[in-house]
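Next come two complexes, and both contain subunit A; in the first it sits with subunit B, in the second with subunit C.
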Partner chain A sequence: MADQTNPLLDDRDLDFLLYDVLHAERLVELPDFADHERETFDLLLKTTRRFAREVLYPAYKPMDESPPVLANGRVTVHPMMHAIYPKLAELGLINASRPASVGGMSLPLTISTAAMAYLMAANLSAAGYAFLTTGAAHLIEAFGDEDLKATYMRPMYDGTWTGTMALTEPQAGSSLTDVKTAATPTDRGHFLIRGSKTFISGGDHDLTENIVNLVLARIDGAPPGIKGVSLFVVPRRRPTREGLVDNDVSTAGVIHKIGWRGLPSVILSFGEASDCHGYLLGEPHKGIGYMFQMMNEARILVGVSAAATASAAYHESVAYARVRPQGRSMKQRDPAAPQIPIIEHADVRRMLLRQKAIVEGALCLSLATSRYADLAFHGATPAARSHAALLLDLLTPVAKSFPAEKGFEANALSVQIHGGYGYSSEYLPEAWMRDQKLNTIHEGTTGIQSMDLLGRKAVAGGGAAIRALLEEITEAATRARTADVPVSWIDAVTGAGAAVAAITAELGAFALGGDVEKMMLHSVDYLELFSVLVIGWQWLQQAAAAREGLARQDGLGDFYEGKLCAAQYWIFTEIPRIPALAELCRSGEDSYGRMKPAWF
Partner chain B sequence: MKILVPLKRVADPDNANKVKIPAAGDKIETTGLEWKPNPFDEYALEAALRLTENGQTPKVRAGEVVVVTFGPKETEQTLRAALATGADRAIRIDTTDDKLDGDLVARALAALIEKEKPDVVVMGKQAVDGDSNQVGQILAELLDWPMATFAATIKEEAGALVVSREVDGGVATMRVKLPAIVTVDLRIVAPTSVYSTKTAATFKYNDGVRFAALPAIMAAKKKLLVEIKLADLAADQALKVEYKAFQAPPARKAGIKVKDVTELVTRLKNEAKVL
Partner chain C sequence: MADQTNPLLDDRDLDFLLYDVLHAERLVELPDFADHERETFDLLLKTTRRFAREVLYPAYKPMDESPPVLANGRVTVHPMMHAIYPKLAELGLINASRPASVGGMSLPLTISTAAMAYLMAANLSAAGYAFLTTGAAHLIEAFGDEDLKATYMRPMYDGTWTGTMALTEPQAGSSLTDVKTAATPTDRGHFLIRGSKTFISGGDHDLTENIVNLVLARIDGAPPGIKGVSLFVVPRRRPTREGLVDNDVSTAGVIHKIGWRGLPSVILSFGEASDCHGYLLGEPHKGIGYMFQMMNEARILVGVSAAATASAAYHESVAYARVRPQGRSMKQRDPAAPQIPIIEHADVRRMLLRQKAIVEGALCLSLATSRYADLAFHGATPAARSHAALLLDLLTPVAKSFPAEKGFEANALSVQIHGGYGYSSEYLPEAWMRDQKLNTIHEGTTGIQSMDLLGRKAVAGGGAAIRALLEEITEAATRARTADVPVSWIDAVTGAGAAVAAITAELGAFALGGDVEKMMLHSVDYLELFSVLVIGWQWLQQAAAAREGLARQDGLGDFYEGKLCAAQYWIFTEIPRIPALAELCRSGEDSYGRMKPAWF
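Right after this comes the complex of A and B.
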């Protein structure tokens, strides 16, 4: 049973994060966003909220229950998705953050991320058709020639066609350097593509007349390794003078998934009849590099989808905890006294507050990272842009993996709060938990994110990235002090910042001393401690904004008190774990390092 | 066809920050309230848009919808939202919320209608805050125009509208000559409720009110929105309705469990007094 009144995301909270914490309204001072004002942001958010709640959410459970089917070589999706898709395309979110020159509206990513969060919280699969298309079209926009843009990017941005990212092959998942799909040059400009891709989301469906795949492949004779992989535009059907004709892309199978069940993920086969045309995007052998340039945005979006999925479940469990009577208070000895709602039990509030701290911490980070992306591309000065770019790169692995990992824990807590009912598929929390799991896997697993953070981002520029982070934390601390946030809270976060900088330097020193393996052995623990700090920083900012709100006496006292409790929770139950995690990294505790495959 | 649609913002009933009554009990506390358009007004706007387009995709506008609201500067957000949904032009009549009643609103609208000369005024049957259900009726009287209230369907014919209204025990259908006042009910936004002469009889709208596409929100910023002083429309701003006191409804009592049917019957008789 779905609680139809589930808000999915708390509107007040989104406003608080966007405006009170991050001052998103100031983005319109930048020339590239000058067409906007807070009023248009608000209208945009209102529209997407309503769309999410009224159009997408009612279809969520039906779509989860009847996944797409493959018959006669083609995939058919849920009928409700057929009703949704034209409206989703018409909504205009697919290219909202792109400039007017390509038909978009130059909406700051900060705002489009918030809008997308609503769609994702309401129906992850339905939102997927849109954001996959945005990602694929954006690659064509960035690296394609005018021809490719006119032919493919345009109809993708307006939703006429959808897009996919077709990277993964059976032997090339985390390790994309191992892709084998082949591209043979012809003298007519196009390449002939041959190979197979797996897990391709949106790779087949019957919603639009065409699907445009962005395919990683090797041009015949390309050097081995990462420098030999190119990126191609490979449509399901190719435009000709006679209209769209079949481009020899076929669906070899559909994956039976435990989540995201409204969005087909398929095995695609290219060139079985040697007639699959691919069009090179940008220059040969630079495909992986191109992908990496788009990686930040894609990874932020995975984080947003994780935060959104945890948020929907959080709100469901708050509502449930208010109405489910069970047991009596510890002080009540009279068995005839009525039972109390479970929210009255401190341990249930522990589970709720943990979810709140994770969800709202993750959302804040998603929006903050999106804001750095906006500033990295549109900041007022070169210095402002490079500062933001440094932070964007540093925070992206956290913005991707924290909401996914801790969001899964939050989703499990939502199941837990529902007790036995949570374990039943009559209720929604189990479905959100299944959806959530994907987020630790796709777009780079958590292990891969941890290596990206420790091996690359945290040590970038000889510590410049970490210094930039410490500056931001110092700024937040100043704001918190002015707002009268308790000094012990502020000290806990700034102290943790110093501790993280120190352990980063120590681990870097292992590598300088030639022991990269020791540096990286506890990369996931490092990711964890780093994430605890980053989320602590988000909560310190929220605490400051909440104190400012309380001082305004604007009638939202309960809202701000809730924020302060969640901030306190994170700062006093999570931040103290940092030294122990740092010690693990430092000591090089080697149980699994030493463990041999044969010993399992 | 030119249609005027009056819009009112109301306190969002779903908002956690619920309506509060100060201790004096003489008014509603409006600071900190979140606003949304009166739902019946949104239905009216949807009906007006359907009457002024051809029902095809992409839709072609064939007529003009002018939206009007009463209130301070911030109520322009309600108008902008309506412009983004498809209205062509907007008017804000500058005043504050507590200086209005149904009578004054109707008189000011009547004066505005003299200037604007719409073919029809489509409006919500009532606002969900005061639930007064009066403005449309007073307005028709002041203008001496025909009126159809609680419309569930509207079909345009040459020079007239055929309106069906849901009444106890059935549907009453009437034909009103233009210009006219139509107040609408919830069912007006069903897929086959509204047909202009340009819309094919087989066409089905999406159920409910339409969403503003995001690009339309940007485009709406360029649409015309003018401000008129209330005094320019109504010299006499005296209110006929005086609010004496506001009181929150009594809190609902917790339910009880009864032992058996006898107790149930006794309680229904003596306490609930429904038997």
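Right after this comes the complex of A and C.
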């Protein structure tokens, strides 16, 4: 009952975002990307989108219906995944953005992110094996010695082995300060690891001969708290002269997730037989810092997965709304007249346009943030790099949480548009809605993102990042004016920018005055209003590019008109919400602040 | 992994809403309820809540996990349901609010609704068999002749048979105008029914010997459209002198719903062997009108089910947040200090308080609307009855859609509070979230409710219903002032009332000026702002009652303080959203209005 022609992501839209809006082709002017040209970008995208549609997507529903099974201590995954995995590894996306020195393609993250979005839209679980491995291997690349890189990073980057991030423990959840897994030094260089980790995605499977876990643990005698947590490479099987041998990592259970069901989430036990070897990555006690240096990338990818999941559902509902006849227009009073497709009803178009505004706004932000990551690491000058780094840090919590939170709403709208059929598992929208819910939870909940944004990024350096953001908005406004975007649209976005800068300064003043709790009380409302602005800025840029496209008369008029409607929708429906949200933050409205546990 | 002590609904809260807020005990002053006193109300509530907790709730997860199965042409339901059903029928809730003349208890709907809420919170599917039967039997009671009542209504009301509403057809969905099922008169009094219906809840099962379907069909030669649709009683088996014989109603399929999984949703075929007898209910061609006369009650019950589902999840998350340790307060910098329960984190309290505000606001509205139904039918004077009828009609679309839409958000927050565990099917929040999504779809989608509210109810009679609403709000404000509720709270709600009245008049003027489409373009935004006001009014009443309670010093201080926090939250977080929403309606912002299908 799925629409087999679902494009998952609209190719025109990706081209538009990458090239018309973000001018990603200009990245090849930077020395680190000089080996590339737009044609190599497009080739990768073409290969990936074809693989996503022809190989990954047909496996999505079967994998959702038959999740991995734990038996005799090991997890086996869906048979289709066995056929998929080697081809997925072959695509080269696992290390596409890494330099040639480690076997990669030196592709801008902007491009590899766009490519990854196709895989995620087609089959989140299948894509997960790849991007989890990227994250884990990248940590070894960044902080490991040559031995660790040769032994572990290389086979991970080439797809021979997969990787995991083993952070969460049952008693600690999001509180990494409370990690208890123990690492006891030995005189043979390795540590003996002992402890339990939970919710480890890809923590067990039968796709590859080995799985490499990046494990947060505490070296015996380490200081308490965050400053005593180290990072270890802990393979499922360890290489010896006799080949791979069991490393005392066992699978204690599988969690029955409600989505991402093709990717097992497992409980791992390390060292039950006191023979689990772990290899320290970098220096002792610096594990949390290392993790956080990789966090931007991981969080952007969660946002991309959220946008991609919402995109697949959006396209499904557009296709459904075009063919499903029901009812008549308000002006048509003849019941004998034929029914019209539901897309003709304004309220259905409202739901579709809201989905479009969320999906394409989120995708644009994902790519824009990836571009700042490229510029932060590869920019032409130190000033360009630090400007981009400020924006990367500032935008990451939004790029993570906005697609997750509003993507869930968009996914629910897709169910709604499908009516009773949307409420059945014969159709796909409900599955995407289940998939989406994880994104507000993993890699830092929305609450944690809001604290990261307001408590760290927005007020750091006297508001330097906000000033950098306002510069970008000013630039977008200039482009929009040149392109004849209506002045009222531009003013709405620049006005919102000023309002957000003002409330940020006011909240920062609470903290300077010693009342951090007052500043942080409405951090989620702040995240919300900040996100509305950031997405408004994405839509202003898209509106400018759409006007430029219309002026070119390049035959994509319908596409550009749709972009302008979505931009208008966001700017006039969402931006006006900012003042009331800012007032909430400013007033320190204290209902839940003063609510006592016993009062619930 | 479920909290076995989950109260599902808070008894104190139900008592508070029924008696402190709504003074339901005064209903016994009306002649039709004169046989009752508060004690009989409480006795029913006590029996029902015990049954809900001890019998229905333990069966919830098993029934969710093993949905009904179609085999050999018939549906069999979960074995636990077989044990439950006779006891459920015995409770007497199927016809509790009906008069003694038809075997009922003449209970106010306010009370039977409160009792039903317990069943729904415990096990929506199990409760469904009862309330679907009520709805179908009530139609026969209202419009059937004595023969139909004796033959069908009686065994339905006493629980011997169950009933369904068979409205939806595959090609028509929400558009009842397009019903195609045919009814051919015979010279023996009955009609021969032929057609197909889909999404029929309880349309097949093995709990009772018969199922009575209320079927919309078109008599041969009937006029096209809504004015040619009649209502028929079409039993699965028809009574003859030889007992029940097959009535040519067959089960063509079962829909795999994502929630309400204990209650089958089936596709029914009528008359495949040209031997399906249907009995006309009331007059020909008046079927739609009859249905709509029962619609208020059905829609209120959907709202109650939504509030109840959100309530169970709310209580589950409060209990979880109280015991789940994670992290430390912002002021605690010692990582060796013990972790605190997550309820100590302000952002978790925000999510809990939002759930509370939605759940208890929705429950209050459900009961208030039921009370208007009681007064509309049993009020002391014609003036009282017509005043209540205006409010009943006006509030029904809100009482249906608000709990459904915001209840889904509340259910998602419950998942969020449970973190990774909430994302697993070992815990219950995800199941309630799945259950909830149906409520925005069945018995009229949210879009349809918005058109009912703005297109019919709000502007009818020159805004008479809005004036009646403002009178009620004024009365609540007076009570609140007397109880020393802060003036700023009262002013916020009364101010919102005036703003809603004003925008309603402005929108009505568009229609009077001939532009109905402009009036209706933002009907969902109108429904949203209207709902915010209506729930604000519920919270103002609750705040007044809570202040009265505090003044009594009756030992429930914590409970009342919680009420005041939730009222404050709603009034200062939600009410300020109204101006921007009103501006959207007023401006006729036309992004999705002008969006063309080809532009998506």
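Some observations on this one:
The criterion applied here is as follows: the second predicted complex is superposed on the first by the 600 of 600 C-alpha atoms of A that agree within 3 Å, B and C clash if a C-alpha of one lies under 4 Å from a C-alpha of the other, contacts with A are read in each partner's own complex, and residues count from 1 in each chain.
Heads up, the rule we're going with is that a contact is a pair of C-beta atoms (placed from the backbone, for glycine too) under 8 Å apart; a residue touches a chain by one contact, two chains touch by 3 or more.
Keep in mind that this is a model prediction, so the values were computed, not measured.
In the superposition on chain A, contact of A:L107 is made with subunit B only, not with subunit C.
Looking at the shared chain after the overlay, A:Q436 reaches neither subunit B nor subunit C. Shared-chain residue A:E54: touches subunit B; no touch with subunit C.
Using the contact criterion defined above for the overlaid structures, shared-chain residue A:G419 touches subunit C, although it does not reach subunit B. By the document's definition of touching, of the two partners only subunit B reaches A:L91; subunit C does not.
When subunit A is checked against subunit B and against subunit C, the one touching more of its residues turns out to be C. Contacts of A:P597 after superposition: subunit C is touched, whereas subunit B is not reached.
Residue contacts after overlaying the shared chain place A:D554 against subunit B, while subunit C stays out of touching range. The contact surfaces that subunit B and subunit C form on subunit A in the two complexes overlap at residues 558-559. Chain contact summary for the complex, subunit C toward subunit A: residues 168, 171-175, 177-178, 198-199, 224-226, 255-259, 265, 318, 321-322, 324-328, 330-331, 334-336, 339, 341, 343-350, 352-354, 356, 408, 412, 415-416, 419-420, 422-426, 430, 433-434, 437-438, 440-442, 445-447, 450-451, 516-517, 520-521, 523-524, 558-559, 561-562, 565-566, 568-569, 572-573, 576-577, 579-580, 583-584, 587, 589, 591-600. Of all residues in subunit A, those touching subunit B in their complex are 12, 35, 39-40, 42-44, 46-48, 50-51, 54-55, 87, 90-93, 96, 105, 107, 554-556, 558-559.
In the complex of the two chains, the subunit B residues touching subunit A come out as 16-17, 20, 31-32, 77, 80-81, 84, 206, 208, 211-218, 220-221.
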